[in-house]
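Just so it is clear, A, B and C label the chains in written order, and each chain counts residues from 1 on its own.
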Amino acid sequence: MSDQTIFDRLDKLDRRVYYWLIVIVITWPLISPIGLPITVKPSSRALYDGLTSVQEGDVVLIDIFMSVSTWPECMGGLVVETNTLIDQGAKLVYVGNSVDVSRSWERMKELVPRLETLEYGTDVVFLGYYTGEDAAAAQMAVDMSSIFPADHYGTPIEELPLMSEANSARDYAMVLFTAEGEVKWIQQWGEPYGIPVAGMGIAMKGSALAPYLASGDIFGLAVGVRGAAELEALAEMPGAATKTMDAISSTHLLFVILIILANLPIIYDKIKGGT
Amino acid sequence: MSFIKSTAFKYIPVIVFAVIIADYFFTIASLGSMAEILRQFAVVISNIALGLGVISLLRIHGKNVQRRLEGRWQYSAVTIVTFVTVFILGTINANGDQYQWAFNHVYTTLQQTMYASTGFFIVSSAYRAFRARNIDAALLLIAGCIVVFTNAPIGEVIWSGFPVIGDWLLGPGQLPGYRTLMLIAGFGTIVYAYRVITGNERGFFGGGE
Amino acid sequence: MGSSRHLGGGGPHCGIYSYMLYKENPLYRLAEHIYLGIAFAITAVVAVQNTNRIAITPLLRGQVVFIIPILLGLGMYTVFAEEYRWISRYSIAMLVGVMIGVVTSGTLIPNIVNQITSTITAPDGSSMMDWFNFLYVGIGTICALSYFLFTREHKGILAPTARIGRLIVMIGLGVMFGNTVLFRMSMLSGRIEYLLQVLKIIPM
């Protein structure tokens, strides 16, 4: 007992101590925000520049792949994308590959009240849930109505004026993915038809998407809540993502401190020449 | 009958694959129509197949209830009752108040909460599991910590070099590793397709003759 | 309505986190099993709605060809019956054939050709950093590829290149680890924020 170092004691510490520590570290900046500045990465700027280059009347397809669990990561960015595209006068078609996409759509309507001012069916359409991944994306590129004979609300697609002018990939100016599912758009819309693809991925996808960004298969990328906060900064629309960044700072600092503490004995042993 | 049960289905991927690939390389109207129909079929089949997981769930929890497994059967009964109730409500009227309440408040919160709980585990593993015992692990941890400080605004406050090195890591730094994985996955996809059409890949057809 | 929302959401929320912050207890197990039931129910409801929309409605409107995928889809469920399991193989065969066709054709250019082209294309600019990055990515990719060569033993020229390749892959995995921390922490922050809003400590 007496030759136990502080590191041994920390090793044996009940995991609940760490859990409560993280709750405190998250709670504090949420109650008392700090407001640290956020610098914008080139990939997020490229995404935003792409959004602001959309012309009036251009039709943009937005794939809401995120489930409700990834709202903290991606909803902020989706809100900025939608607001920016509405500012540009673009027409919007939303689809989703998650069973709870209707919930994400309803939440987005709450956060972007301007969506209600658009004429549904002419300026904006929510087609709803689809399944089949790459096969669905490949078929949508040829004929959207074969995957969506009706929109989410059951309105036959022939009765939606927007869909008569935007029924295949060549009618779209851009595809934006959200959270995940970007590969099928790159492979089935971007490469065969030359449709620009970009979007925001969950943080874990940032690494997997880096090669596509480097090779030019996607023109812009915002990664995780950090990317969403960068988009909010660029659009000057501070929102949920910006608010979360203070909690991100405190938790990340704690995380690195714990890693350094965990590795101090190993570093000490190496310096002393031990194994 | 043995041919239909054990052999005939192996030719379907070959024919379907040939049509889809030929449609990709050649612009022939009839091929395009056939490929469209096949893709639509796949979408419908995968949609109907969503229920497979549901059946599995009901079987597992149904067996728990049937066998009255101590400490578990009551919770399995809760799962089954919840499933049946919400399913009936949703099928009768997906826009109804009760279904929408369950979807908007119970499901949404639980889904977010369950996924967010992994945040706790990564914090405890930060101290207990992430040890740099060799150069490989050390490189992984150092790169990870730099990216952690790049993603968090506080990193730039601590040292202005973090975003510089971090942005390089997030760009060219990680590129060779992931580009390699992407190339391998790409070649692997082609090899896998070859194995399927030559009948050497049978895992997804299940066991037995 | 507000209280019913918080009861429906905040109650199970606390139930789930009671396991992490306290210990396993019946409230946590109850919340977990309610989540299972409701998640699968919603999946089933969406599947029924979607099948009705994309297959049954067109079938009833005269597009008889949709009977084939409907039967094949229902055939998938024979996987649960030992005697009739062979029927599900036709459904799976159709799915597999389409998926490998679509994915293989889609992967050729973006995943292989474009990646190789991007690796071997020299930078336009003359900045030292651009050239350093080009050489780093090029040599790093070759070394990482040599690490994944399992058909030859890593001896001779392959030994140092495979070793460097492994370190390169470790850097990539480290970056992904850093991003994973961001992902997990942002989700957890969202939940703590919700709890603080329900408790009226911070405004909605």
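The definition used in the following text is that a contact is a pair of C-beta atoms (placed from the backbone, for glycine too) under 8 Å apart; a residue touches a chain by one contact, two chains touch by 3 or more.
This is a predicted model, so every value here is computed, not measured.
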| item | value |
| --- | --- |
| Subunit C and subunit A - chains in contact with each | B |
| Among all chain pairs, the one with the most C-beta contacts | B-C |
| Between subunit C and subunit A, distance of the C-alpha-averaged centres to the nearest whole Å | 14 |
| Rounded Å distance between subunit A and subunit B, as computed from the means of their C-alpha atoms | 17 |
| Subunit B and subunit C: spacing of chain centres that average the CA atoms, whole Å | 4 |
| Residues of subunit B engaged with two or more neighbouring chains | 24, 39-40, 42-43, 46-47, 50, 103-104, 107-108, 111-112, 114-116, 119-120, 122, 141, 145, 148, 151-152, 170-172, 174-175, 178-179, 182 |
| Shared interface positions of subunit C, touching two or more other chains | 20, 42-43, 46-47, 50, 54, 98-99, 102-103, 107, 111, 115, 118, 137, 172, 175-176, 179-182, 185, 187-188, 190 |
| Contacts with two or more other chains, residues of subunit A listed in rising order | 19, 22, 69-72, 99-100, 130-131, 133, 135, 138, 147, 203, 206-207, 211, 214, 223-224, 226, 248, 251-252, 255 |
| Touching residues (chain side subunit A, partner subunit C) in the complex | 16, 19-20, 22-23, 26-27, 30-31, 69-73, 99-100, 128-131, 133-135, 138, 147-150, 154, 183-184, 186-188, 190-191, 202-204, 206-207, 211-212, 214-217, 223-226, 243-244, 247-248, 251-252, 255 |
| Residues of subunit C touching subunit B in the complex | 4-5, 8-10, 12-13, 16-17, 20, 29-51, 54-55, 65-66, 68-70, 72-74, 76-77, 79-80, 85-86, 88-105, 107-108, 111-112, 115-116, 118-119, 133, 136-137, 139-141, 143-145, 147-148, 165-182, 184-185, 187-188, 190-191, 194 |
| Subunit C contact footprint on subunit B (complex, rising order) | 4-6, 9-10, 12-21, 24-25, 37-55, 57, 59, 75-76, 78-87, 90-91, 94, 99, 101-120, 122, 135-137, 139-148, 150-152, 169-187, 189-190, 192-193, 196-197, 204-206, 208 |
| Sites on subunit C touched by subunit A in the complex | 20-22, 42-43, 46-47, 50, 53-54, 57-58, 98-99, 102-103, 106-107, 109-111, 114-115, 117-118, 137, 172, 175-176, 179-183, 185-190, 192-193, 196, 201-202 |
| Complex contact set, residues of subunit B against subunit A | 24, 32, 36, 39-40, 42-43, 46-47, 50, 103-104, 107-108, 111-112, 114-116, 119-120, 122-124, 126-128, 130-133, 141, 145, 148-149, 151-157, 163, 167, 170-172, 174-175, 178-179, 182 |
